[in-house]
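Next come two complexes built around chain A: one with chain B, the other with chain C.
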Partner chain A sequence: MTTNTTVLDSGAALRPSPPQARRRRHPAATSAGRFVLGAGTVVLALAFWEVLSRTGALPPDAIPPASAVLAEFAAQLFLPAFWASLWATLSVALLGLVLIIVIATPLALLIGLVKPFAESTWFLVEFLKPIPPVALIPLGLLLWGPSPGMKLFLIVLGALWPLLTQLVYGVKEVNGVATDMARSYRLGWWLTTSRLVAPSILPFALTGLRISAAIAIIVAVVTEMIGGATGLGQGIVVAQSAGALTQMYALILAAGLLGLGLNAAFRAAEKPLLFWHPSMREEASR
Partner chain B sequence: MTTTRAAARAVTQTATRATTRPHPLRLLALRTWLPVVLIVWWWLASAGSRSLYFPPLSTILETLQHDWLGPGLTANLLPSLGKFLAGFLIAAACGIVFGLLIGMSRTLAAAVEPIVQFLRSLPPPVLLPIGILVFGIGAPMNIAIIAFGAVWPTLLNTIDGVRSLDSQVRDMSRSYRLTLGQRVRYIVVPNAGPQIFAGLRTTLQISIILIVVSEMVASVNGIGYYLLNSQQTFAVPQTWAGTLLLGALGYVANLLFLRIESRVLRWHSGMRAASGKDA
Partner chain C sequence: MTTQPTTTEPNPGAPNPAAPATPPFGDVLLELEQLRKSYGSTQILDGVDLSVRRGEFVCIVGPSGSGKTTLLKCMAGLLDPSGGRTVFEGETVTEPPAKLAVVFQDYSRSLLLWMTVAANIGLPLKNKLPKAGRPARIEEVLRAVGLSGKGGLYPWQMSGGMQQRAAIARGLAYQPDVLLMDEPFAAVDAQTRIELEDLVLRVRQDFDTTVIFVTHDIDEAVYLGDRVIILSGAPTKVTRNITVDLPRPRDQRDTKLLPDYARLRAEVFELIQAAQSHASIA
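Coming up: the complex of A and B.
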């Protein structure tokens, strides 16, 4: 079973020739095997969707066949309007993330290091954190109308908290035995910052930023859907009300790929930045 | 011997913590002064307000009481809460069950990985148009959107939690010849517990987002409907009142969840305290 191959994987280089080594390798053990399995399932799922839609098992006026959606998606890739709306969504989300970093970093330092500040803002932060960001959309629409500024405001207010929380954890993580040791070794400001503070905070910062990015995209798309600011969300709603089903599905596919791309970008950034972290070591030995 | 050392460490920790911790009354004062000041400031600054967009706080609170403590409670609040709970519970159950299945089979995990990653990355609100087409407008659609959109954090965290099982524990459970049921019940689920709950918390937050959005787009009652409707009719105090209510609901839901989590995972926090990891 799975246990066999895991042991085998990590220990194969160390142990000369255990009896299990002669057994056939598990299909999911190699990255090529995993790729084939994954790609196979995707193709299978698409084929299944195609058949269900063509035969009418799924309502064809609600779910068009997969081939039509994929063809429409390919056609969209050549339309400047598609790229414009994609950029409208992505640019505001990225700008929001930059603002979030600028706001969250000093706040996290204050909360993590200055005790009275942390206690004074405790209630406020704990109250604002769980408020669903979409609750503020009507208020934002009322005050500013469907503008990029409104979108930006809602993104910052909704996606600030994951990064802030993670950064505070990170700052607190630094404040411990390691700081005492750095002090007794007289490491100095630069060495302490570069060797201790930054590496301790970085994993938390990246985790927080990844969650914040996901929420930023969600808030951006929702404000576009409901508020009518330009972007992917608006495109989806417009396509739906115009009855252009394949276009609607193609845009939804694009929204998913956008999220996937953003996630992959963060993973790619994590690898060189956090190669020393236990979570990465585990991943590498897998 | 290690236990006594750990216990000693725990004692010294609580001792130092007790000395650094301020007096409870002082702590209370420290924590409450800012919110109190803000509310008083809001109240005073908006008291004589004639602005269309910033009505007096007293008017907002009156609207809140009038709209939500009377018939509004059964007409809008209860349906929303019911749909939210149903969707959340379905998402949680599906996430845990499928997460356990996928986490325990490497073949299955490799096979569904691309699809799960895609669906996880999809901003859930974009599913709304599909939901409307398939289910029409009404409660089943709201519930389906929550269940399908919010299941992913729990699913992925459960998979990770199952996979994180220490290989020694896994080997031991094999040499003790635990049956599959015993392994799941006593080893896999407790080991994944903390991570499952971390996923459930995200699922909860997404569920709240989705119930609001789905009611805004496709519903004839509920908080989201009320909120968007009052915005579109320029009923400003109502918009503010609905926003405040939603904030309060999000806060309470989170609080309840944390209570349940600390209850279910009591053994885990006890273990962390004993091993000094939570210092």
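Coming up: the complex of A and C.
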């Protein structure tokens, strides 16, 4: 016990000065500073890639220079085929998310509120959760062939769980004092659901949805690569087998940006919706 | 319970919960009859009898661990008793009655963070009052609790004391016949507490509300109440029912200087101590 405290004490004594000093000259203190830092790192990484590829430190046949990939990416932006495959990936991912919301919401309510239901489904859910959706591609192909249906099936199976888990947490977190308040003021079913339960669950739902969206994009691209449905994933495989490596990397870049964009869109939605949440208030006051 | 100080109670010595309070009060508004509550084999309430008249301010005090909150929830219709019943305005309570409002201890949880204070107060009115009448009612109660012009703020932009004022305003706007308050000032600082005590006395006067006030604070109970009900430790019963015949309006300085105040306070203190030691032995 005594040694523990001493260790903690000395640790605490060491700590104060560095963070304070850092806070004073940290460029990340402002949002502009944060952007410059982030963008700077990206530029540096691209420059590093360029140099490695041009000097032959990386095999230029396998990894063309960054400038070539970026040029190809810019060229792709003018091709209708590129946008078609981007849309094929994005639309199925979004449709999958809608299906996931439709499935997860009632399921989470049942699991969160009906104890016997939670107990009887617990094993099944825990069993299904860790199955990689990719492992089910053969099943999807057997059922639907290389089609959007197959993609949708695998997206739902793969990306359902984060949202479902978060929603179950959210349902359980609706606080007892507020529910007592709602009952004692006789708010009734509709007002209780719309004004108390839904906003309480919202932070959990948005987090779950954001994680599910990222997984949905990944699963969509992978199923296109392996299962051969149209989309960015298929484009990547076709470009690779045709030896069009700059195009392949440009498409990989597009897939990455798609995931990033979707994530940013969800983040942007969180701000106005969760302005009241302690985590958002902290961020705003920073 | 061995040393009983002499009291000025109308019915000396008898723990008679149905004792009529001093005249100006009206008919019986709320009555507990042999209320019992147990969770599994743990008995919390062991036959609580209590009668509250219209217009009364009744404080319920008990040692920590006595089922004060459980009792209040049974009164409010939020919890079904295991035995006995609550009668409110002549009817057995099976769900929260329409003319009863609760102010909870935990204002930070009972107010909804995503709504402005005005919207929080207006929420229970949606089922009660046509839309056109709501703003005036909200403004009226905000003024009554000293939050005029603060309706547009969110609860998290306010201090704890202001939040509890807002919660009280919500209760008042509901225009209940009885306001149940569950240790409402337990989480605010001493200065704010004094302000809020006087606020409650004032709005009780202005709105002509019956108040049942649960607290663990002896001073607060004697200062506020027309009557103080003292609970035993768990399993809880009413051990004593003391009439507080201190003059009104009460005043934080003058009332507390009265010899009667000191005597009542001492009496309640001893009863609580006795209940606590009894509970810890049992």
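Here is the rule we use: the second predicted complex is superposed on the first by the 250 of 286 C-alpha atoms of A that agree within 3 Å, B and C clash if a C-alpha of one lies under 4 Å from a C-alpha of the other, contacts with A are read in each partner's own complex, and residues count from 1 in each chain.
By definition in this document, contacts are C-beta pairs under 8 Å (C-beta built on N, C-alpha and C of every residue); 3 or more make two chains touch, one makes a residue touch a chain.
This one's a predicted model, so the numbers in the text were calculated from it and none came from an experiment.
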Request  = Mind working out whether A:Pro138 is in touch with chain B, chain C, both or neither, as first, second, both or neither?
outcome  = first
Chain B versus chain C as contact partner of A:Arg183, first or second or both or neither = second
Inquiry  = I'd like to know which partner A:Pro130 touches here: chain B for first, chain C for second, both or neither.
reply    = first
Task = For A:Leu196, select first, second, both or neither according to whether it touches chain B, chain C, the two together, or no partner.
result = second
Key: Most chain A residues touched (candidates chain B, chain C)   = B
Overlap of chain C and chain B interfaces on chain A (superposed complexes) = none
Message = Per the contact definition, I'd like the list of chain B residues that touch chain A in the complex.
response = 22, 27, 30-35, 38, 53, 104-107, 109-115, 117-130, 132-134, 167, 170-171, 174, 205, 208-209, 212-213, 216-217, 227-228, 230-231, 234, 236, 239-240, 242-243, 246-247, 250-251, 253-254, 279
Residues of chain A touching chain B in the complex = 2-3, 5-7, 10, 26-29, 33-34, 37-42, 45, 59, 61-63, 116, 119-124, 126-139, 141-143, 176, 214, 217-218, 221-222, 225-226, 232-233, 236-237, 240, 245, 248-249, 251-252, 255-260, 262-263
Inquiry  = Quick check on the complex: what are the chain A residues that touch chain C?
reply    = 175, 177-178, 180-181, 183-188, 191, 195-196, 199, 276-278, 281
Key: chain A contact footprint on chain C (complex, rising order)   = 73, 76-78, 95-96, 98, 100-102, 104, 106, 109-110, 112-115, 123-124, 126-127, 154, 156, 170, 174
